[in-house]
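Look at the two complexes coming up: chain A is in both, with chain B in one and chain C in the other.
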Partner chain A sequence: MKPLLELRGVSKAFGGIEVFNDVSLTLEPGARLGILGPNGAGKSTMFNLISGLHRPTGGEMLYEGHNLGQMKPWNACRRGIGRTFQIPQPFGDMTVAENVIVGCTSGAGLSLHEARDRAHDILEMTGLGDHRDKLAKSLALLDLKRLELAKAAAMKPKLLLLDEIAGGLTEAECDTLLDILQKVVRRDTAVIWIEHVVHALTRFVDEVAVLADKQIVVRGQIDEVLENAEVRRLYFGAEAEV
Partner chain B sequence: MTGDIMTSGSQKLPLAVLGLSVAVMVPLPFFVDNGTMRYLTDLFIIMSVAQLWNLLAGFGGVVSIGQHAFVGAGGYAFFGLTTHLGLNPFLSMALTLPFGALLSLPVFAILSRMRVAYFAIGSWVLAEVFMLVAGKLPGFGGGSGISLRPQIVKAFGASTSSRVENIYWLSFAILVLVIFLIILVMHSRRGYSLRAMRDNETAAMALGVNPNAVKAMLFVVSGAFLSLLGAVNTLQKLRVNPSGSFSLTDWTVFIIFMVVIGGMGRIIGPIIGAVLFVLLRENLSGYGPIYMIILGAAAIGMMLFEPGGIAVLVQRWKLKKAKTQELEEA
Partner chain C sequence: MELVNTLVQGTLLGGLFALYALGLSLVFGVMRIVNIAHGDLIVLLAYVGLTVTEFFGVSIVVAAPAVLLLAAGAGWFLQRGLFEFVPRHDPLIPLLVAFGLSIILQNLMLLGFGADPQKLSIGRLEQASVEILPDLHVGVFSLLIFGAAVALIGGLQLMIYRTSFGRALRAVSDNEANAAMLGLDTRAVFRKAFVIVMVTVAIAAMLMSVRGNFDPASGPTRLLTAFEAIVIGGLGSMWGTLVGGVIIGIAQMVGAQIDASWQVLSGHLVFLILLILRPRGLFPKNDG
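Coming up: the complex of A and B.
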């Protein structure tokens, strides 16, 4: 199968500070990949590159054969790349439903009428139905995270980028989140999920990769990767939540 | 009760006010004298200009201090189309709309390459350039300007009083159209993109919003209507001249005052602001420069004290009243 996403030797530096210098990654359509890695490894930065918000310093990024390195964020989105932000970025003075409608109209190109319907469905699925007419800025953190997911999922992306949506959740909340994910993420949507909460990841992704030392150090089945001595040294020395 | 001041509140109120004011304003010429009508015409024109500035800055976050360029250019275009090309005066006036729209495209292309502060300063510099060019154009009377030919003016009414009436209705119709259009834009798909962009530009971009396209649309709409208003203003003043037609003070400085005082990002803001402005002008203009200082101080005070302007102060006061009522009932 032709890969949906392909990163080849991608590097990124801010000013003189290099975040990573050799990230290579391929993702098939519908594949589900978890990303692990220590704080500051550049995981969120990788999402910023893929979603077009930042430009890579070097290397090649292809999405459905298009050069992603030059693509504007709104075009990346319209071509089917949806994302959440690690720190929720709501449209504070718009209602929860309106937040989702933006993604449906601008991102997925739906009419306002269709967008309202889809927003309604997604909000029900994500458990935000009761909050639909509240201003987004009035939501609590947990609901803000759900709104991030709702906004990105509503545009029916081909590639969904999830950035630490399970961070800080209790066990029960985590279960709910996984239920929600199963509902809103269609089977043919490819997903990359950055997450420190490994037990949540294991229940959703097919594979994991570890971003550390400025590159992807290992990728494979989750148990294999967790057994990897290098990974244990790099990552779980610090903060295991297995 | 949600989306209050920003959304639902600002659509229900203006629609009701719009209907009521149409019922009052349209038959008014049958009851008042020419002086009052001229005064109101003036109010409608500046109120429309204020609405358009608010559309850009208040709704879109695009702060231009050079919108007087379009008012002036529209006035000159109207003069040129009627006097030099000999076109029908009504057609000429209508043509100032597409003229303003077309003119705003290259202007936006230049300005959109600049960041916020530079955008504002760049827009002002461009407006100055427009004014200088207008003063050099052959056939437009140079620096001192030139009067419209009587037969062009007479096309809008044979007698002075019928003309005053017609221009009154015209400027009121434009005001209603502008407000209606803004409401329409805000409730279109583009309106959602616009509000998202204003709240959080990065997140909006990641959800498919192209901020430049949204801003360009606002700029074109506002450029088109400012140009039309410039034509109406020319008809009202009976002449074009660089310093008057392109007046920074009249079409930008005072306008910003009105929007800031009345309330940015709300339809009702520029309406409150413009009314307050003409009332202040009437009562304070005898004091000369002090009048400008008072206006400036009021605007700065408002920005510090309540950036939402009078519109928000009133909203707050109403909420408080409703709460005390609830408490009393309980």
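Coming up: the complex of A and C.
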């Protein structure tokens, strides 16, 4: 199958500081990949690169065969790359529904009428139906995470980037979020999910990769990766939340 | 009756001040640029109006569509050709660019039009007045200016809160990177925003040029009044800006009753007093 996303030897440096060195990664359509790695390993930078916010300093990034490295963020989004943020970033002075509608009209190119319908559906699915007319800044954390997910999923992305959406949630809240994920993420949507909360990750993804020392050090089935001695040394010694 | 007259005249003058302020408020609200050149852009468009009317030998009323069109083009060009290249991570950089633009515009206008004060005329309508209460006459043109301010604010509010473009504007002004990743072409939004800003500037400029004199150096005083109206009203509140303009207008008219030289000064004094009492303005946007 033709890969959906392909990173070939991608590097990224900010000034003289290298965050990312020679990273290669391939993702098939519909694949679900979890990314583990210590803080500061460049996980969020990877998402900023894929979503077009940052330009790589080296290497090549292809999305459906298009050069992602030169793509503006809005074009990346319109081609089907959706994203959530580690720290929820709603448009605070807009209502919950408006937050979702913005992405539907500009990102998915829906008419306002279609966007309203889509927003209605996705808000029901994510359990935000009762909050639709509230200002986004008034939401509690779990609801903000739901909104992040709703905004990204409403665009029916082909590639969904989830940045630590389970972080900071209680176990029960985490279960709720997983249920929502199963509902809103269509089976043909490829997902890359950065997460420290491993037990949440294992219930959703097919594979995991570990990002450390500016590179992907290992990738494979979850059990294999968790057993990997190098991974245990790098990562779980410090901050596992298994 | 004297007092009522002063209040009414001041209120109507406040409409003009609010018109000065709208574009400035929008540029800051959406792009986070403090556009020091705003007053000079108002004066520039007054000169554009003057040039068009003289060239075609028509009244500004007839020339208005052409001026609005030229202003829209200038707005697109200003964003596309200048501000788009200005890094905005540090607010000082666009501020300095706008400051430079202000100096360039003032000197170009001096070069092109000379230092003599200019004024446009629309004939009898300028002097026409109506008696709204016994013994209380107000100028028809002053009423027109105030009406234009109310209509423009109402229109902008509708656009911002009721249209898809308005939603895009609010999203981009809230969080540019996030908006871009939700599919909003932020560059296009900024260009369109500057077009709208310059259209409001053109409306203010044409009304100003009929109401009184202007010369190449009158930009900064317009800018100052606009700033004061925005700050009194509370940043981000357009109706607040109108109230701010009205307060300065009334203060100026009351000052003028005391002594002609007190007119401008009393406006600034009232601004200072309100700044001390209500530093966030009368209608601050509640953004935590």
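As a convention for this text, the second predicted complex is superposed on the first by the 242 of 242 C-alpha atoms of A that agree within 3 Å, B and C clash if a C-alpha of one lies under 4 Å from a C-alpha of the other, contacts with A are read in each partner's own complex, and residues count from 1 in each chain.
Rule of thumb we're sticking to: a residue touches a chain if its C-beta (ideal position, glycine included) is under 8 Å from a C-beta of that chain, and two chains touch if they have at least 3 such contacts.
Owing to the predicted nature of the structure, the values given are computational and were not obtained by experimental measurement.
Student: Once the two structures are overlaid on chain A, check if chain B and chain C clash or fit side by side.
Tutor: By the criteria stated at the top, chain C and chain B clash after superposition.
Student: Between chain B and chain C, whom does A:Thr95 touch in the aligned arrangement: first, second, both, or neither?
Tutor: It touches chain B, and chain C stays clear.
Student: Examine A:Trp74 and indicate which partner it touches, taking first as chain B and second as chain C; both and neither are also allowed.
Tutor: Once the two structures are laid over each other on A, A:Trp74 reaches both partners.
Student: Considering only touches as defined above, state whether A:Leu141 meets chain B (first), chain C (second), both or neither.
Tutor: neither
Student: Now for A:Ala13: first (chain B), second (chain C), both, or neither, which partner does it touch?
Tutor: neither
Student: For A:Phe85, select first, second, both or neither according to whether it touches chain B, chain C, the two together, or no partner.
Tutor: In the superposed model, A:Phe85 contacts both chain B and chain C.
Student: Do chain B and chain C touch any of the same residues on chain A, and if so, which?
Tutor: 51-53, 72-74, 77-78, 83, 85, 89, 91-94, 98, 101-103, 105-108, 112, 151, 155
Student: If you look only at chain A, which of its residues touch chain B in the complex?
Tutor: Residues 51-53, 72-74, 77-78, 83, 85, 89-95, 98-99, 101-103, 105-108, 111-112, 115, 133-135, 151-152, 155.
Student: Please output the residues of chain A touching chain C within their complex, sorted ascending.
Tutor: 51-53, 72-74, 76-78, 83, 85, 89, 91-94, 98, 101-103, 105-109, 112, 137, 151, 155
Student: In their shared complex, at which residues does chain B touch chain A?
Tutor: Listed in rising order, the residues of chain B that touch chain A are 2-3, 6-7, 188-189, 192-193, 195-196, 198-200, 202-210.
Student: What does chain C use to touch chain A in their complex?
Tutor: 164, 167-168, 170-171, 174-175, 177-186, 285, 287-288
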